[in-house]
Amino acid sequence: MPYVNIKITKEGGPDGTGPTDAQKAELIKGTTDLLERVLNKPPSATFVVINEVALEDWGFGGLPVVEYRKTL
Amino acid sequence: MPYVNIKITKEGGPDGTGPTDAQKAELIKGTTDLLERVLNKPPSATFVVINEVALEDWGFGGLPVVEYRKTL
Amino acid sequence: MPYVNIKITKEGGPDGTGPTDAQKAELIKGTTDLLERVLNKPPSATFVVINEVALEDWGFGGLPVVEYRKTL
Amino acid sequence: MPYVNIKITKEGGPDGTGPTDAQKAELIKGTTDLLERVLNKPPSATFVVINEVALEDWGFGGLPVVEYRKTL
Amino acid sequence: MPYVNIKITKEGGPDGTGPTDAQKAELIKGTTDLLERVLNKPPSATFVVINEVALEDWGFGGLPVVEYRKTL
Amino acid sequence: MPYVNIKITKEGGPDGTGPTDAQKAELIKGTTDLLERVLNKPPSATFVVINEVALEDWGFGGLPVVEYRKTL
């Protein structure tokens, strides 16, 4: 009975506005397979939910992501 | 002090794009009442947050929901 | 494809340390039934996860719950 | 290693549709600073994620927020 | 900037009470690698948090997991 | 209507096993005050939930926290 929530910043992908549906399908398959391989969790009882988060809504190092990256 | 988070796929409702505000109000009332009835939790201290998730962002059985349903 | 997360303070129940397993089962059945009734979501695709939170880990009104209640 | 998730109703701000990016940056800085001051958590290992939630998706007192406020 | 939360029922592993630390490390490495491979997300900005959930706190099909399995 | 969830690794504090109740109260007050100051959110409608996460359940850089720190 796994539930996996993947939060990522909304960026990247072919046009810079986030992953494609095919990339999301890879994340879904990859995490489901991982849980089956490592813990024998059945895919038929595994949920994966992906959330894309706008850059201004994600903070790291005390700064919004865009500002944070300027410090690197 | 309950906090309830309900995540559903964004679909259904009158035009297929998700529940109506009236249906959401039913979910809010239903879960709040349930917590009061079963555990005596006061509605005045119960939050309910609903999230609708795009179909391509929800995986089940290792597949995005739309692909998963084709296997049934 | 609903996922419901219910967070409650760890208290109440027969010995004051939280709900019984039977009460938890009522919460699980109640929310699952609600989603089926209001949105036609199948129970076979509904997850419910309950988390009990220690009183000192829950704040309301800017205070831990125990202190908050003294102000009422 | 803190992770902070702030959920707020989508309202307020200069045009009523939610906080500005500057206000979000204040929330990010404020929570990150708080964790450093109180628990010595390094900002370089602190994530903050903000979610704005539509008013019809947030319930309090068994009612959607807009209806709830009418009862006050 | 990914944040991954993996919730699993607390069971399995060598003594039936949940995964070993080595299995958890595999989940951490596996999801972090997946996000790097599919979306080019740097491991240095990837958090993974695992939660084990007691069987009585997880519902599926409207029943606590242990009861649900008896119906299969 | 804010809901704030603070997840921290279970460590630190006077005996190394996590923050004291007084430190948790500071986090609750600090985040509630911040939301009132920046966004005018009333403390009477602000929930804060703190979760402590065991070190082996938190990954960063593709490694459990304890292993990750050895690489620094």
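A, B, C, D, E and F are the chain letters, set down in written order, and residue numbers restart from 1 in every chain.
FYI, a contact is a pair of C-beta atoms (placed from the backbone, for glycine too) under 8 Å apart; a residue touches a chain by one contact, two chains touch by 3 or more.
Everything numeric in this text was worked out from a predicted model, so none of it was measured.
*Asks:* What are the mutual neighbours of chain B and chain E in this structure?
*Replies:* Looking at chain E and chain B together, the chains touching each of them are A, C, D, F.
*Asks:* Hey, which pair has more contacts between C-betas, B-F or A-D?
*Replies:* The greater number of contacts lies at A-D.
*Asks:* Mind checking the rotation angle between the two copies, chain C and chain E? C-alpha superposition, nearest 5 degrees is fine.
*Replies:* Answer in degrees: 120, to the nearest 5.
*Asks:* Averaging each chain's C-alpha atoms to get its centre, pick out the one most distant from chain C.
*Replies:* Farthest from chain C by mean C-alpha position: A.
*Asks:* Measuring between Cα centroids, what's the chain most distant from chain F?
*Replies:* With centres defined by C-alpha atoms, farthest from chain F sits B.
*Asks:* So what's the Cα centroid distance for chain B and chain C, whole Å?
*Replies:* A distance of 15 Å separates the two centres.
*Asks:* Measuring centre to centre with CA averages, how many angstrom lie between chain A and chain F?
*Replies:* Centre-to-centre distance between chain A and chain F: 22 Å.
*Asks:* Would you pick out the residues of chain B that each touch at least 2 other chains?
*Replies:* If we look for residues of chain B contacting two or more partner chains, we find 1, 3, 7, 27, 31, 47, 49, 53, 58, 60.
*Asks:* Which category does the touching pattern between chains fall into here: line, ring, star, complete, or other?
*Replies:* Looks like something else, not a line, ring, star or complete graph.
*Asks:* What is the complete set of touching chain pairs?
*Replies:* A-B, A-C, A-D, A-E, B-C, B-D, B-F, C-E, C-F, D-E, D-F, E-F
*Asks:* In the complex of these two chains, what residues of chain E are touching chain F?
*Replies:* Result: residues 21, 24-25, 27-29, 31-33, 43-44, 46-52 of chain E touch chain F.
*Asks:* Can you list the residues on chain B that touch chain F in the complex?
*Replies:* For this pair, the touching residues of chain B are 1, 3, 47, 49.
*Asks:* Can you name the residues of chain A that touch chain E in the complex?
*Replies:* Where chain A meets chain E, its residues are 1-9, 12, 19, 23, 26-27, 30-31, 34-35, 38-41, 45, 53, 58, 60, 65.
*Asks:* Can you name the residues of chain A that touch chain D in the complex?
*Replies:* Residues 7, 53, 56-64, 67 of chain A touch chain D in their complex.
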